[in-house]
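You will see subunit A twice below: alongside subunit B first, and alongside subunit C after that.
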Partner chain A sequence: MNKAQKYSTDGAEHNHKAAPMVEEITDFEVLEIAVRELAIEHGLFTAEDHRRFTEFAESVGPAGGSRLVAKIWTDPAFKARAMEDPVKACLEIGIDWSKPTGFGTPSDYTHLTILEDTPTLHHVVCCTLCSCYPRPLLGMSPEWYRTTNYRRRLVRWPRQILAEFGLILPPEVEVRVEDSNQKCRFIVLPVRPSGTENWTEEQLAEIVTRDCMIGVALPQPGRTADVHPVHKARRPVHSSHHEEAAR
Partner chain B sequence: MSQKSEVDPRRVGLLEAMRGQGKEWEVLAPCYGVTNPNPPWKTSLAAMCDCLDVSGALPTLDRRRAEDELAEAVYGDVPAPESQLLTLVHTMLNRGLVSERELASRMRTVRSRLEAV
Partner chain C sequence: MKQSKTMEKSQNNIGVLEEHPLGMQPRFKVGDRVQVRDMPYFFYTRSQMWARGVVGTIAALTYSDLVPEDEAFNVDGRVEQYYIVRFRQKDLWPEYPFDNDTVQTESPERWLEPARNSE
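Moving on, here comes the complex of A and B:
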């Protein structure tokens, strides 16, 4: 351990082991910096703009959506307000859709709809056009959500796609796919699972993961993370596969 | 997805030289025992995309359409988020927002700065 690792700047002993880091500079890292610097010099945006949007991207995550769903599950009056005006209700849990510019971002400030599941109706969200996503509530979209494979196939074969995420729904459950766009964003309100009757909002929020609010998973006690293998929604399967399977 | 962008799928020498070196994050991170799924520059890249959208220099829908086309035509074997970065730069080059020559020069400057001791 060298001196710099052992002592912090105020002289206090500092014994914890540093987290591993990638100790080489890649061309990708260099490219990102270079093109950003040139864009700023060319007046395409300012360094202040970039700092503000970076802070926004760092500050958002799925925890806001989890809190929204948990509060709706436990507070009927809040649920009524949220279903009536979701953006306004988000302010009650500290989510401000007007950030970071005062009018959101062009791709974020939109009409938000909460899609309420029932025991016989399941919603799932995509954006066939690009990758519109309720970032103030769910953070940055996962890579698979952006793939053309997920977007194209979900609207055609929703049950197959859900099955690839490990969500197999019985035939009596209707599946509705909602297609986001630049002005319409959606978040799924899943059915509160049994076995959670006496849980607090905080406990409930832990099982409302990002995938549950996109609609590719269901909340359940004990499931607190979206962990799944690389699935076909990410790795393309040619459409002829489905045609053959349908024969 | 049916509309076509004005993207030029011809390969860009500067970007081609970066491919196939095994330096993508999903390859590199495990070599160093790093578990963060995204490289440190990912957030900055997302912010840059937002900035270009807000300023009107490259609207999100145009960028994403070009990204879809280039991901299929040129960068299909590149994982995210490197593919997102390459398609963004490719699109900016196509639109004349930056030139390949000045970008190559700036990359040399940036690298020497980062490697300074």
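Moving on, here comes the complex of A and C:
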């Protein structure tokens, strides 16, 4: 049997087993598509407007939050202003919560609270009702933040969830979960780690990763990325390609 | 019908008389002991089931904004004070193993009442 026969799409010879594909779509995604299509049909915005806004929203990222934390760590006067009026202080690091929609970036609210950690108090944020997130500062939320698993369990078993992220805190540290269910958005201000004395704002910003500002990790020198362990499947599915290659 | 802000008593959207009319001065201050009310709602609320009936402490006054249950149906007009309320984990789940741990969430004024049997 030659290759062309084997991979022809019409013959009985075709024995290629594709991995099972599961496509999941939630009711809310269906609703979003329906409303979006109606809006485009009625001329409220064009498909191109939607594409551009999606591109913008997905390009935000957590770098703004990292800069905010690093500046608070290095500049006491800025810290005072930021704790007093966080949204206004964001303007100083080039983040305007009211742009481009006029009510938040993107389609978010414009109340921000900075949750300051201390050596005996650790904050961690979730939203048990949906997935409220300070998007102007942190961009789009990570996939796990939106799962019901994280949202349900964080208010009930916070220390166990933190341990799953590799963060084990001693009992004398108060773990304070912030369920971000209304219009305030929350960002965690971690304790500046030791070993970072004399670091510049740019150096500090590098270790303030997204997970540190959600509260599922602590910043430390040398840790500049949120890497979660990937476990190999115990019984991986093999396709006929693999079987053939193994022969 | 537009509600007068000077009314002594007002009705919420399910017809229950409220002791404290909306749009007035904030009813609670930081440190007050409050209890999350277990009110019925139609289709939509942002007051979580896990907090209903539990006693907590006002941690902050955040802002005044529209009533969430009104906003869900595009009803404009009534605004109320929002609060960050702090609960002890032990008060939420008695078997919770760590004494110091807490949960905070935001609550609109209508969903809060002064704690009964407050220590």
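Definition applied: the second predicted complex is superposed on the first by the 172 of 247 C-alpha atoms of A that agree within 3 Å, B and C clash if a C-alpha of one lies under 4 Å from a C-alpha of the other, contacts with A are read in each partner's own complex, and residues count from 1 in each chain.
As a working rule, contacts are C-beta pairs under 8 Å (C-beta built on N, C-alpha and C of every residue); 3 or more make two chains touch, one makes a residue touch a chain.
Quick caveat, the model's predicted, so the values are computed rather than measured.
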item: First (subunit B), second (subunit C), both or neither touched by A:131; value: first
item: Partner chain(s) touched by A:222 [first = subunit B, second = subunit C, both, neither]; value: neither
item: Comparison of subunit B and subunit C by subunit A residues contacted; value: B
item: Which of subunit B and subunit C A:119 touches, first, second, both or neither; value: neither
item: Touched partner set for A:158, first subunit B, second subunit C, both or neither; value: second
item: Touched partner set for A:182, first subunit B, second subunit C, both or neither; value: both
item: Partner chain in contact with A:25 - subunit B first, subunit C second, else both or neither; value: first
item: Set of subunit A residues, in rising order, touched by both subunit B and subunit C; value: 128-129, 182
item: Complex contact set, residues of subunit C against subunit A; value: 46, 48, 50, 60, 62-63, 65, 68, 82, 84, 86, 92-93, 98, 100-108
item: Subunit C-touching residues of subunit A, taken from the complex the two chains share; value: 111, 113, 128-129, 155-156, 158-159, 171-184
item: Subunit B to subunit A touching residues, read off their complex; value: 1, 17-18, 21, 23-25, 28-29, 31-34, 39-41, 43-48, 50-55, 57, 59-61, 64-65, 68, 71-72, 80-82, 85, 88-89, 92, 97-98, 102-103, 106-107, 109-111, 114-115
item: Residues of subunit A that touch subunit B when the two form their complex; value: 19-39, 42, 44-45, 49-50, 53-54, 56-58, 101, 105-107, 128-131, 140, 143, 146, 148, 151-152, 182
